[in-house]
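Which chain is which? They are A, B, C and D, in the order written, and residues in each are numbered from 1.
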Amino acid sequence: MQQTKTMDYNAPSEVKEIEVVNTLELEERAGQIVPHGGFHYMSGGSGDEFTLRKNIESFNYKGILPRVLADVEHPDSSTSILGHDIRAPFIMAPIAAHGLAHQSKEAGTARGVAEFGTIMSISAYSGAKFEEIEEGLNGSPRWFQIYMSKDDEINKAIVDEAKADGATAIILTADSTLSGNREKDIRNKFVYPFGMPIVSRYLTGTGEKMSLNNIYAQSKQKISPQDVTFLSDYSGLPIFVKGIQAPEDAIIAIEAGASGIWVSNHGGRQLDGAPGSFETLEVIAEAVQGRVPIVFDSGIRRGEHIFKALASGADVVAIGRPALYGLALGGWKGVKSVFDYFDKDLKRVMQLAGTQTVEDIKNTTLFKNN
Amino acid sequence: MQQTKTMDYNAPSEVKEIEVVNTLELEERAGQIVPHGGFHYMSGGSGDEFTLRKNIESFNYKGILPRVLADVEHPDSSTSILGHDIRAPFIMAPIAAHGLAHQSKEAGTARGVAEFGTIMSISAYSGAKFEEIEEGLNGSPRWFQIYMSKDDEINKAIVDEAKADGATAIILTADSTLSGNREKDIRNKFVYPFGMPIVSRYLTGTGEKMSLNNIYAQSKQKISPQDVTFLSDYSGLPIFVKGIQAPEDAIIAIEAGASGIWVSNHGGRQLDGAPGSFETLEVIAEAVQGRVPIVFDSGIRRGEHIFKALASGADVVAIGRPALYGLALGGWKGVKSVFDYFDKDLKRVMQLAGTQTVEDIKNTTLFKNN
Amino acid sequence: MQQTKTMDYNAPSEVKEIEVVNTLELEERAGQIVPHGGFHYMSGGSGDEFTLRKNIESFNYKGILPRVLADVEHPDSSTSILGHDIRAPFIMAPIAAHGLAHQSKEAGTARGVAEFGTIMSISAYSGAKFEEIEEGLNGSPRWFQIYMSKDDEINKAIVDEAKADGATAIILTADSTLSGNREKDIRNKFVYPFGMPIVSRYLTGTGEKMSLNNIYAQSKQKISPQDVTFLSDYSGLPIFVKGIQAPEDAIIAIEAGASGIWVSNHGGRQLDGAPGSFETLEVIAEAVQGRVPIVFDSGIRRGEHIFKALASGADVVAIGRPALYGLALGGWKGVKSVFDYFDKDLKRVMQLAGTQTVEDIKNTTLFKNN
Amino acid sequence: MQQTKTMDYNAPSEVKEIEVVNTLELEERAGQIVPHGGFHYMSGGSGDEFTLRKNIESFNYKGILPRVLADVEHPDSSTSILGHDIRAPFIMAPIAAHGLAHQSKEAGTARGVAEFGTIMSISAYSGAKFEEIEEGLNGSPRWFQIYMSKDDEINKAIVDEAKADGATAIILTADSTLSGNREKDIRNKFVYPFGMPIVSRYLTGTGEKMSLNNIYAQSKQKISPQDVTFLSDYSGLPIFVKGIQAPEDAIIAIEAGASGIWVSNHGGRQLDGAPGSFETLEVIAEAVQGRVPIVFDSGIRRGEHIFKALASGADVVAIGRPALYGLALGGWKGVKSVFDYFDKDLKRVMQLAGTQTVEDIKNTTLFKNN
C-alpha cells in the first residue's frame, strides 16, 4: 500500500442530510469518499480485530423481551446527566481528528450534536481549536477529553483553556498511554495530515505529519489515581475516567475522586482479544453501585444496543464511529441525521419493549440468549 | 432499488398442487414469482435479521431422542383446541395482506386451510373482506386477529363483524404497536398495493398505498391488560394475547382474562437481537402452568420443529410464511400442499420418536444439544 | 434432477488396494464413480443434515490428552466381543444395498472385512444372498441385522436362515420403522436398482425398483420390547438393539433380553436436529452400567474417533460409510484398505495417548474441549 | 502432488531484517519462498488440523482487561529462568531441520536468538552440527532437546556431546514416540533433504531422504518416568519434560526428577481433536503448584498470547513456527526481527494492561470471554 500523502489529504466537504437505514452501512459509504489512510485510521481496530467485532456481536448475547401489555405510547427518551438535560440518552464520544472525515472538522460534528440536543465531547486531539468548535456548538454543552501531558503545568493550562471554553466535565482517557497495535495504520504508515492545536503545547511540532505512536509517546504514559485527584482538585469539574473495563479500576477511580465512570475499550483499538465492551458493563455497574453515573461506549450501532447498555447499567452511551461517518457523508447535517436515527430507533425499541422512560429501560431485565 | 409500483402489482395467480421437499426452499421459489417489494415484505425481518435467523436455528438447541421400543404405529396427529377438533396440531397464523402473494388473497389461503382441516386465522390487515374469505372457508372454523383502533367503538364494530362472520376466538396482537425496523421495506419504500377493508374503519384512506408504519400509527399504540379485559367482556369470545415472549406478560394476560397465550416474536419482524421464539417457550409454559392453551409461532419449518414446540409447552403451533409461499406458488392448492407436508413430516417424526399421540409428544423430554 | 435409471445402474467394479490418507475424502472420490442416485442414497442424511454433520463434529467436543510417560510401545488394538476375538475394536456396520457401491455387492465387503479380521454385519436389506456373502466371508464371523416383518412366522424363517448361515448374533434395527426425511432421495426419486433376496419373503415384489419408503412400509413398523424377547427366545442368539439414543431405551432393551446395546442414530439418516450420536454415548453407558456390551456407530472417520468412543463407554465401534466408499473405490481390497487405515490410525492414537490396550483406552478420561 | 525432490531442495538464503506487522502473515510470506514439501512440513498439523487452529483461537477464550490507573511506564519484560537472565519471557522452541527454511540452518536461528538475547533450544533433529550452531550462538545460552535412542549408551553419548557443547538443560520430548497423522507430509511423500548429524548415531543412514515416520521408528518409542530419572542422573542437568498436556503427567514428571514442565501439544502436530494447548495450561499450573518452572508453547503469535500464557501459569513461552518463518524470510536477521517484534508487542500489552514486570503479568487475572 502507498503512504498516505498528507500534503493533499482531501477530506469530504459536502453538507447535507443523509438517509440512515442503518449505521453499519455508513462505514461502507464513508469508505468510498474518505481518503484511504484516514478511513482505515477511523474504522480499524487493533490486532486481529477480534475485540472490534466482539464490541458489536456481544450485544446479541442478551436479548430484549418485549413487554406487550405495558400501556406505553410515545416513549420519552430524554434524560439528564450531571445536571444537563439532554434529548436522548446518548452523547458524542471523544474522537481525535475529525478533519480526517470532513473539512469542517470538529466544528461540523459539534454543530450536528448541538442541533440534535445532546453533549459534545471535545478530544484533546482535536484538529480544530476551541473557538472553531464553539462556532458549531454555539453555547451548547460540551465536555473536554484530556490526554495528559507529562508536565502538570501544561495540564493545568489545558484544563484552564477547556474551562474557559465552557467545558462542564473532564474526561480522562486512561486506557491509551500508548497506541494499540493498529496494523492498518502501520501498513499505511499513517500520519496525521494536520496539527492538533489543543495539545500542541506538549508536542514537539504540532502533531501534523506525526503518527499516533509519536503523539502518545509525548503524552503522559503513567496514569495513576493521583492524576484523577489532581484533575478533580485543579479543575473543580466532575472527572470521568474513560477506558474502564475492570471493576477494580472503577472502584479505584471513584475513590480517587472520579465523578463518573466511562466504560470503554476504545472501540477495540487498544487491547485485542479482550471481551466486547458490553460484556464488561454489568460487572462494572455492580461494582459502581450507582455511586456515580456510567457512560458506555464501544460498539453502539442500533437502538437495541443503546437499550441493552442502559438495561445493563449505563446511564448514557456515547456514539463514536457512526457519528464520524455521518460527518464524512454530510457534514454537520450528516451528524444530526445519525443522531436523529438513533433517537428514532431507540424510541421504537422503547415502545416495543414496553418502556415509557429511560428509567424504565434501566429497570429492564434482559434475557440471556443461547 | 426501485420503488415498488403499486399500481401494477402483479401477484401470481396459478392454482396447483406443489411439491414440497422442504419448506425452506419454498421461500426461494416464491421469491422468483412474487413482486420484489411484496416478497421482501413477507420474507424480511427487522434489523440485522439476527432474531429471524435464530427463530429457525434455535430449534437445534434441543434434540429429539428417538424412543425405539415404544410399540408405535400409525401415529395420530389430530388434536383439539378450544373445542375445535383439528386434523393436526397446527393452524394458520394471522398474516397481513395475502394478496401480496397471490391474487386469490386470503380466500385462497382460507380454502387451503379449510380443505386440510384446521383453523384459519383472519388478520385485521386482510386485503380481502370477511365474505370473500368465507368463500374459501365455507363454514370451516376461523379465529379473528385484531389490531385495535384507538377508538373502542370502532373496535366493537370490528369485533361485531368478526363474530357475525363466525370467529370463535379473538387474537389480540400486542407486540406491534408500531412496526419493527424492517430495513428491506424502508429501502423498497414499500406500501401496500391494495386496501384493508376490515380496518378501513379507522384508517385515513383504506390502507392502499400506505406503509406499515402509517397503518400502525393509526391503530392503537397503547395496549394494556384493560384491552384484554375489554375484548373478552365485549366479545364473549376467548381471547389470545399474541406476541408473548416474557413469562410475566403471560401471567398478566391470564389475569386480565386471556383464554390463551400466543408465544411469538412476530416472525423476527419486531425486536431484533432478541432470542429465537423457541428459546422463550419453555419458561413461558412454566409460568402458564397449563391454565390456558399456548399457541406457538415464529420459525416452524419442519415436522421436527412442531414436535419440539409441543414438547416444550405449546398446544398447537401456527404456520406463517411457509403457507404464504405455498399460496404464492399454487393458490389454495399450494397452501394445502404445505399443510399436508407438515402433517406427513410430523407423523414421520412422531413415529420415529415413538409417540402415538399429540399428548405423547407433550410428555416428551428433549435433549439439550451441545 | 433426473430420475435414477435403475435398469442401467452401473456400479464400479474395479478391485484394488486404495490409498487412504483420510476417510473423509473417500466420500468425494466415491462420488466421482458411483452413480448419482446411489451415491446420494449412501452419503445423504435427513432434513437439514444437521445431525449428519454433528455426528462427526461432536467428537471434537472432547479431546484426548496425551499421556507421555506411560511406557507404551507397540500398542495392541485387538479385543473380543461376545466370544469373538477380533483384530481391532471395530466391526462392519450393517448397511443396505452394497451393490450401489460396487458390483461385488455384500460379498466384496464381506471379504474385505474377513481378510482384515473382524466381524461382518449382514443387513436384511442386502442385495446379495447369504450364500453369495459366504463366498467373501469364507467362514469368518458374521452378525445378522434384521428389519422385522409384520409376520413373525416370516421373522422366524429369516432368523432360521441367518442362523443356518452361521450368524452369531442378531442386530435388531429399531430406529427405522419408517424412513427419515432424506431429501436427496426424494429429489432423485431414488429406487433400488436391484432386489433384496433376504427380505423378499415379506416384500411385494423383490425390492427392486422400490423406494426405501415402500420397503419400510412393508416391514414391521411397531417395535416393542416383546420383539426383543421374541427374537432372543426364538433365535437363542444374543440380540443387539440398534438405534439406541435414549438411556431409557437401553434399560428397556436390556430388561427385555437384549445382550447388547447398539448406540446409533442411523448415520444421521432418521431424526434430524438430534444430537451427534457421540453426544449421547456417555449417558447411555452410564445407564447400561457394563451389564451388556455397547457397540457405537454414526460418525467414525478417524482413529481419534474410535478412541474417544471407547473412552466414552463403547466396547467396539462399527464402520459404515467409509467402508462402503472403500468398496466403491477398490472392491474387497478397498474395504480392507479402509479397515487397515483405521487400525493403523487407532494404534498411532493409542501410542500417543499412552494406552497399551483397548482396556487402557476404556479407562481414559477425556478432556472437555471449550 | 509431486514428490519433493530432495536432491535439489533450494532453501532460501537471503539475510536481512524483515518487517513484521504480524507473525500470522509471515506464514504466507514464507510459503512463497520455501519449497513446497518443506513448507508443508513446517506449517502443517495432524488430522483435520482442528487442534492446530485451536492453539491460536483458544487464546481468545480469555481476555485481558486493561488496568488503566496502574501508574505504569516503560514496562520491563526481562526475566530469568533456571539462572539465565533473558531479555524477555520467551525463548526459542526446539524445532527439527531448520535447513528446510534457510540455508544457514540452525546456525542462522541461533544467531538471531543470541543477538536478541534469549535461550536457544537445539533440536536433536537439527540439520546442523553443534559446532556449526555455536558459530551462531557464540557462547550464548542453549538448551538441548533430545529424542532418545532405544540404546541408553547412545543417549549417554548424545548427552555428553550436548553438555560439552554447553547445554545447560535437557528438554526431553515425550509426546512424539511416533509421528502424528500429518496428511500433508503423506501426500507430499515428504522426506528430509539432508541428514541429522546429532542423532545419526542411532539412525540407519543419516536421516537424509528419510521420512519423519522412519526416524521416529528408530528412536525410543517407550518413554517412562525412568527415562526422566536416567537423564537427570546421568546429565546432572535440569530436565524439562516436553509435551505435557495432562496434569497427571506433570506430577509424574516432577516426581521422576524433572526440573521443569514444558506444556505443549507439539504445535498441533500430534493428537488432533485435542484442546488448544492454552486450554490445558491453567490446570497443569495448578497441579505443578510452582514447584518447577513451566515453559509453554503451541500457538503463540502475538504479545497478547505471551501475556495470557504467563497470566495462566507459564514462566516463559517458546516461539516456534514464527521464528522459522523469520529464518526463511531473512536468515538470522529475520529471526531477530521476529523476536524483536514479540518483545515490542509484549511491552505494549504490558503497558496497556498496567503491568510493570513479568511478575505483575503472572499475578493478573484474566476475564473469561463469552
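We adopt the following convention: a contact is a pair of C-beta atoms (placed from the backbone, for glycine too) under 8 Å apart; a residue touches a chain by one contact, two chains touch by 3 or more.
Nothing here was measured: the structure is a model prediction, and the numbers come from that model.
Enquirer: Centre-to-centre on C-alpha atoms, which chain is most distant from subunit C?
Expert: A
Enquirer: When the Cα trace of subunit B is superposed on that of subunit D, what is the rotation angle, expressed as a multiple of 5 degrees?
Expert: 180
Enquirer: Since subunit B and subunit C are copies that touch, is their contact same (over half of the numbers shared) or different (under half)?
Expert: Since fewer than half of the residue numbers are used by both chains, the interface counts as different.
Enquirer: Using mean CA coordinates as chain centres, what's the subunit A-subunit C distance in Å?
Expert: A distance of 60 Å separates the two centres.
Enquirer: Could you give the separation in Å between the centres of subunit A and subunit B, each centre being the mean of its C-alpha atoms?
Expert: A distance of 42 Å separates the two centres.
Enquirer: Taking each residue of subunit C in turn, which ones touch at least two of the other chains?
Expert: none
Enquirer: Report the complete set of touching chain pairs.
Expert: A-B, A-D, B-C, C-D
Enquirer: Using the touch rule from the top, collect the residues of subunit D that touch subunit A in their complex.
Expert: 21-22, 59-60, 63-74, 302-305, 308, 345, 348-349, 351-353, 367, 369-370
Enquirer: Enumerate the contact residues on subunit B facing subunit A in the complex.
Expert: Within the complex, subunit B contacts subunit A at residues 47-48, 50-51, 54, 58, 61, 174-181, 183, 186-187, 221-228, 241, 243-246, 248-249, 252-253, 256, 265, 270-276, 279-280.
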